[in-house]
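There are structures below to look over.
There are two complexes below, and they share chain A, which is joined by chain B in the first and by chain C in the second.
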Partner chain A sequence: MKTNIPFKLFANCILVKGISRSTICDLQRNDVRVIPNDLYDLLIENEGKTIIGIKELYENKFDDIIEEYFQFLYDNEFIFFTKQTTIFPKLSMDWSDSTIINNSIIDIDENSNYDIVNILKQLNTLHCRHLEIRNFNNARVNILEDILSFLNESESTIQSVEILLPFFKDIEEWITSIKDKFLRVDFIRVFKSPFNQNRVPNKDCKAHIMFTKQNYISELCCGKISQKFFSANMKAFTESMNYNSCLNKKLSIDKNGIIKNCPSMQNGYGSSDSVRLEDVISDSNFTKIWNISKDKISVCKDCEFRHICTDCRAYTENPEDEFSKPLKCGYNPKTNEWSDWSTNPLKEKAISFYNLQAVTEKP
Partner chain B sequence: MILLISSKYDVSTNNVIKWLNYYGINFLRLNTEDFNSLNHFSLSNTSSKLKVNNVDLDSITSVWHRRGRLRHVPNSLNGLGKVTDYLKKEEDSLVKSIETYLKNTRKYIGSYTSEVENYKLEHLMMARECNLNIPNSMITTNKKELIDFYNTHDQIISKDLRYSINIKTEKICINSIGTFKVTNDLIKGLEDQFAPIYVQEYIEKEFEIRVFYFENKMFAMGIFSQQDEQTQVDYRNYNNQVPNRCVPISLPTDIEKKLLEFTKKVKLNTGSIDLIYSTDERYVFLEVNPMGQFDWVSKNCNYYIEKSIAKEFLEVCN
Partner chain C sequence: MQLIKIEQLPLTFHKATITETATIKKAKKEHFILIKKIGSDKISTEKFYKPISKIFSFDED
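Coming up: the complex of A and B.
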């Protein structure tokens, strides 16, 4: 450490203050470190000063702790020392995307009979890049194959496809039969499987395949908030700073063919067989939810993890309030403790409002 | 309509295309790997006309020449030895002339001619004329001169003058390792006379700077390859796991001005410039690459360079 040369934070290491503690989100190396709020304040107030100078500011009463702080920052390469402090700007927090709709969820169950190809055609003109197809209860592999074939033939803008489907007897053969034919498929999640297995992409199979014993009975299973889903990357972080980290530029079709922000949401914008997606997108009611960033959501706005986290607007603690905390989040930023959301007595009312009891029951 | 000349495999081109689509800008992409049928390039007293792959290029308002050049010799004529060599030379003259024609009549960004005439020594001289610092450099065929140069500098490096070497025959395989330090042992092994060798003083750096520029817009990134000793010792392994820090830089105005003047002087309206910020606090120009990758600069600094490039063409189209 060079204690007599001014320090700077690397621009891609971003400080996020929570109510009880803060984080350094390292957007280059996808790393997150929890720091005390004292250190947050120290960094915000003193960036560009020397460590010697900072110690003096505190009348050399806290030299040890300041030393310890900066050693931690230096060891993790969050800071560097330079006299050229003015040429290093902050990282721009702009987020921008070359699509009208970036990603889409299409749900199908055994009764779904809406025209999916019609939707795919429209998604193409909206420059959609990612598609998630969720197949609840019965695996409808014919429909899945039709979708994938259409994407291939039409040279769709959709680059990646994620499939959720239930386990069935010949599923291994089925996966083998589609994996080389449909290179857009990059993730297949098989639920209600007799075994748990995670197959990462390799030279034989470009798709990530996951078998899980868990059961996804319906769209009610969505919206869980967990540390497992944290991601500190530039695109997601900047999007979260400006827009909703789940729903921005998303358009979904629920199992009945209704156009929605997300299949789990109550609000529908008409049947996809009769309403054009373009018209839904020009409806400000549909798009205003895209602007609900974490800084606007109660509790989340006090959370040190808010910009590396996912969100859920479908299931919230107070169904009446569009800025309410995600229901399925068990984190308390005041106490910094995680608890099980489904057993929290304060959430009982909301759980029964959404009919989520079945989802919360332990097997 | 915009003409894009690029490699099929160039990710940056694809990223710009996404934004062209977003803005609804028409484009024609011609890939340098494919045979591009030339209908005609015709000249008369009063007009010039160009048609490729049955597309009338008169409707082209601007060109982004990302990399490489078009192929107008059919694949069937490859592999005819000296005849093919001859045809390629004829083709080269044609391709360069078409570039000149388009350049004189339209906005034309990038250049095949500049890509192949990338002479590092010329660029050093031009940079010096623009009052940029350059490293002490020497080209020599003489061992004694090389030893003198070595002795007057703490450390020296060597690199290619133009292209990195890549020779593969049945007997040998030679690949460039890029810039390397020249050691006493290396010099000892040399004959008294040799083919021209390019050496430069090694400059101790605080950080490196990569500047991607497109017309008058500059996007600078600082690269901290010297952050701590651990990085140097276990350089390769460490780097895969933990990449060097790359952060945005706003260059001092006078440096940016000099660089801009330099780009005009070398007639390169897009490219990547490598600089060093030395431990003795100087900005030192190293070289310019006419076809530099900008994807990593854009991503690390959140610059959206691909969007900027598309916008540049939006202005021409409107």
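Coming up: the complex of A and C.
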């Protein structure tokens, strides 16, 4: 470590301050480290100075701690030393995307009978790139195959497809039959399975496949906030700084064919069989929610993980407040502790409001 | 240098010009197809940068 040469944070290492602690998010390596707020302040105030100089600023009373801080930063390659500090500018935190809609959820269950191909054609004109098809109750593999075939034949703009479906007897054969035929499929999640298994992509199968014993009965099961869903990459981080990290440029169709921001939300914008998606997107009521960034949401705005985390506007602690904390988040940024959100007595009223009692019961 | 009309060019050169143009056209077309093919392959494997919905991740259970 060069203590007599000024230090700089690598531009892809972004500091986020929370109420009790901070994080350094390395957006190139998808790596996040928790740091004390003291170190955050020290870095913000002293970037471009030498470590010797910083020690002197603190009258050499905290040399050991400053040494330890910088050794940690240097060992993890968050900082480098240079005399040319001005030639390393900050990265832009702007976010842009050329698509009109960049991701979509289509829900189907055993009673769904709306025209999905019509929706896929419209998603194509909106340049949609990523699609998740969620199949609750009985697996409707014929519909899934029709969707995937249409995407292949129409050379759709949709680049990746994730599928959520329940376990059925011949599911292994079905997965084998589609994995090479439909290369857009990159994630298959199977619930109500007799076993738990995680199959990462390999040379034989490019899709990530997960089996879980859990049962997911409907869209009521969505909206969980967990470290498992953190994304520390440039696109997700900058999107979160400027827009809603779940709903921005998202359009969904619920199991009844109703157009929504997200299938779990109460507000619908008409049946997909009679209303054009393009018309819904030009409705400011539909798009205004895209602008609710984490910095505007209660509690989240104090959280050190806010820009790598997902959000949920469908289930919130206070259903009457559009800026309320996601209901299914068990993290407390003041104590830095995770707890089970579903057993929190303060959330009982909201759980009841959304009829989430069934999904909070433990198996 | 004196400029000459295209029909005044020696026959061999003229033919060569035509062939060359055709080759370029063909090459451009192939190049375009190649780019499109690479693009298509890339499109089919690109992953989304964040979870679309938040129902389950394997190790949450």
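One rule holds in what follows: the second predicted complex is superposed on the first by the 363 of 363 C-alpha atoms of A that agree within 3 Å, B and C clash if a C-alpha of one lies under 4 Å from a C-alpha of the other, contacts with A are read in each partner's own complex, and residues count from 1 in each chain.
Everything below uses one rule, namely that a residue touches a chain if its C-beta (ideal position, glycine included) is under 8 Å from a C-beta of that chain, and two chains touch if they have at least 3 such contacts.
None of the values given here were measured: they were computed from a predicted structure.
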item: Partner chain in contact with A:L346 - chain B first, chain C second, else both or neither; value: neither
item: Which of chain B and chain C A:Q214 touches, first, second, both or neither; value: second
item: First, second, both or neither for A:N12, with chain B first and chain C second; value: first
item: Greater chain A contact set [chain C / chain B]; value: C
item: First (chain B), second (chain C), both or neither touched by A:R134; value: second
item: First (chain B), second (chain C), both or neither touched by A:S92; value: first
item: Touching partner for A:E77 - first (chain B), second (chain C), both, neither; value: first
item: Interface residues, chain A side, partner chain B - complex; value: 10-12, 28-29, 77, 80, 82-84, 87-89, 91-94, 96, 98-100, 127, 234, 238
item: Chain A-touching residues of chain B, taken from the complex the two chains share; value: 18-19, 21-22, 206-207, 222, 224, 227-228, 242-243, 245-252, 277, 281, 299-304, 307
item: Chain C contact footprint on chain A (complex, rising order); value: 103, 105, 129-132, 134, 155, 159-160, 162, 164, 183-184, 186, 189, 191, 196, 198, 206, 210, 212-214, 216, 221-226, 228-229, 231, 233, 235-236, 239, 245-246, 250, 262, 310, 312
item: Residue ranges of chain C touching chain A (in the complex, touch as defined); value: 40, 43-61
